[in-house]
Amino acid sequence: MINRIRDSIAEAIACVADGDTLMCGGFGSSGVAFNLMDALLDHGARDLTIVANNAGVGETGIARLLAENRVAKVICSYPRSPGSVWFERRYEENAIELELVPQGTLAERIRAAGAGLGGFYTPTGYGTALAEGKRTEIIDGVGHVFETPLSADVALLKAERADRWGNLVYYKTARNFNPIMATAARTVIAEVSAVVALGDIDPEQVVTPGIFVDHVIETEQAVA
Amino acid sequence: MNRLTPEQVAARCAADIPDGAYVNLGIGMPTEVANHVPADREVIYHSENGVLGFGAAPAPGEEDPQLINASKQHITMRPGGSFFHHADSFGMMRGGHIDISVLGAYQVAANGDLANWSTGSETYPPAVGGAMDLVVGAKQLFAITRHTLKDGTPKIVERCSYPLTGAGVVSRIYTDLAVIAVTDAGLQVIELLAGNDFDTVQNVTDAPLMAPDTARRAQG
Amino acid sequence: MINRIRDSIAEAIACVADGDTLMCGGFGSSGVAFNLMDALLDHGARDLTIVANNAGVGETGIARLLAENRVAKVICSYPRSPGSVWFERRYEENAIELELVPQGTLAERIRAAGAGLGGFYTPTGYGTALAEGKRTEIIDGVGHVFETPLSADVALLKAERADRWGNLVYYKTARNFNPIMATAARTVIAEVSAVVALGDIDPEQVVTPGIFVDHVIETEQAVA
Amino acid sequence: MNRLTPEQVAARCAADIPDGAYVNLGIGMPTEVANHVPADREVIYHSENGVLGFGAAPAPGEEDPQLINASKQHITMRPGGSFFHHADSFGMMRGGHIDISVLGAYQVAANGDLANWSTGSETYPPAVGGAMDLVVGAKQLFAITRHTLKDGTPKIVERCSYPLTGAGVVSRIYTDLAVIAVTDAGLQVIELLAGNDFDTVQNVTDAPLMAPDTARRAQG
């Protein structure tokens, strides 16, 4: 019997290793797997590469990992936000590597990895400093940049509900990067607000089919 | 010199958005535009974080922390709205499905160049977000910005000194002093705001402006 | 007020012109806009290029357009099925051009057009006859074929429900190519089993947001 | 020579699919496999047309014309199933998320080459479907086919004469006469079916086979 539901959050994230690349769902503080990220601190992994839209604010999530010096590199589109104090500090100290990627290119590179593509041409960023050193091509008169797929060892996702097959649905704008990250990591871990019985999620409404999901943890965290 | 408040600039921008338009609102001042849709229009706002059809800010106490816009401010949903993931959201932008993109700016140049992601500083981190996707994908691009920095440094410039987000992409500029069209002939003031005269606005602008009268003469 | 609902099917498809490229949703006979395709016969358009998974069976849909000599070219993955008599006849007569595309490449080319990408590398078809003449590249040791975006003038879609903004939901495996074709055509026309009030489709469940849809026609056709 | 029925071949193939596997069933004989899952297992079937978690064929009178598999046959849904569009469906395949792909074949060669999309005819149209995506994406590929054409022409061959779908991609072959593993040393018969002896099967096979005994000796 297929059962992706785990009893222990420590068991769910045991697979994370030093030096891993982690995808962390979320946009700002919505759709972030805060419980999984807290557990990661106890777990002790370091030298991590974080793929996410932002670089954390305040003292939670990615910001907390940065504060504890667990992060070697951030691949993201918008690291600087009001309250992104730890990222700014590490950046100023030159203690962290930043790969800045236009948000749509970040999303598409993640999707490309999940969908088994070898890369793609996008007009985004052509002619800008973010395309420097990248292969470019004029296609139908428009400049394009070649972008490569972006995969990860582990994805830490936040979803709303899950069943034992690992099917996931999300909640409002907490969806954001979570569904595409679910496709692009070797091991996919989701924290969810509620586990429901198999069949309780309408097959028309499943956003992330369980085929992509390895471990599910039910948390107490309220979402609304 | 009188200046509009950011809310007033947003309302002035909203007044130029036609009925039925699909409009992306970028991080910063643009997200304010959703609060000022004229009552006679249906405008469908898009936010990069995976939502179409959102409305104004919620009443105090009715915020949902998981329902936010590009600026991470709380929003409400209108009937007919939808949620989707980031790859789909940026497919809409890059794929040419957005009619108007309203973006903030560090600098806008006389030729429509936009700089809004990096100051080139070694220690102040850059942040690009969805701006580069919008400048290639949206059918029309409005920049909304204060006319100058607090110290008076012009943001409407002859040539951007900051790294570009996109070259020749802005068609309209909404500031606390004026509405300006980017034309082949240069920056055409459409409307002087807050009761300022042309010379006052030209004096705090690095690029040459064409006065509203000039526009009428050119059209006539 | 935004209103994508049309009263007349003829009005909805009036935009189709001779020589147009049409995307037709469907897999076998599921999710096919049969009413729109019938109307297209009355409309009279000819010299059409059809993008679809199959090339029609029996005397309906694409098969009927083929029988009436309205089609110059078919771009599809699986033109031959039990009952695909008209396609087979036109093919044998050398009266029709066939561009055979692996199904996943067909889907991805359509999506690439809808998402504004300039093309992509896929491992699918590398080293086979279907990659002949195409640009190839070895990426991380795996052979890839370069594939270009595929767009259309008009898409003829079948959905289950729509509201006046053009938001669409689908029904079971009738979903298939319809949502991606909705993103890749200049004009998108959907026939639906039912038009519902704005707000009746849960924003979490919208599959095709109305931003992609131009015209909606409610049909009497039962789907189940 | 005795031959299994297509249903029996499908059941024999289903017996080798482990609990918890994600399995794509291609057009033709493969779709029959979903009707023969052993009772002690949960297997999640995928069909290219956008469905995961389907079950056996419906009872007569309970067919839904809009709920079909790759062969356009009616199916049923199991609790936990899901629907999705074609780009997502092929992302699952190409992206390496499918454990086993069961595909039909025109020819399978001793080196695992598969031909199942074109006879090379000028007048008989080719049809590729999702086969080329599956051969590059699925972790393991089973071919399921009659051992010979009706006229006795072998389909298990030394080298494919038809255009290839994929080179060296098949790991197991299920026919009405035998279960065969594709190994570096060649085609290893795992099991002779329907009571035939080895020579009978070798005689209708174009490529050299290794007898089951050889396997046991090699392993011992």
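Things worth noting here:
Going by the order they are written in, the chains are A, B, C and D; count residues from 1 in each one.
What we mean here is this: a residue touches a chain if its C-beta (ideal position, glycine included) is under 8 Å from a C-beta of that chain, and two chains touch if they have at least 3 such contacts.
Note that the structure is predicted; figures quoted are calculated from it, not measured.
Chain centre most remote from that of chain A: D (centre = mean of CA atoms). With each centre defined as the average position of its C-alpha atoms, the distance from chain A to chain D rounds to 36 Å. Centre-to-centre separation between chain A and chain C, using Cα means, comes to 32 Å. Inter-chain centre distance (chain B to chain D, centres taken as mean C-alpha positions): 56 Å.
Listed for chain C are residues 108, 111, 115-117, 122-123, 170-172, 203-204, each touching two or more other chains.
Shared interface positions of chain D, i.e. residues touching 2 or more other chains, are given as 51, 77, 83-84, 87, 90, 93-94, 136-137. Contact between chains, as defined at the top, is found for A-B, A-C, A-D, B-C, C-D.
By the touch criterion stated above, chain D contacts chain A in their complex at residues 19-20, 22, 42, 44, 46, 51-53, 77, 79-84, 87, 90-98, 136-137. Those residues of chain A that touch chain B in the complex are listed here as 27-31, 53, 77-81, 87-88, 91-92, 98, 100-108, 110-111, 122-130, 170-180, 207, 223-224. By the touch rule above, chain B contacts chain A in their complex via residues 27, 47-51, 64-68, 72, 77, 83-87, 89-90, 93-94, 118, 123-133, 136-137, 163-167. Across the complex, chain C meets chain B through its residues 1-2, 111, 113-117, 163-165, 167, 183, 198-199, 201, 203-204, 206, 209-212. Within the complex formed with chain A, the residues of chain C that make contact are 108, 112, 115-123, 137, 139-140, 142, 144, 169-172, 203-205.
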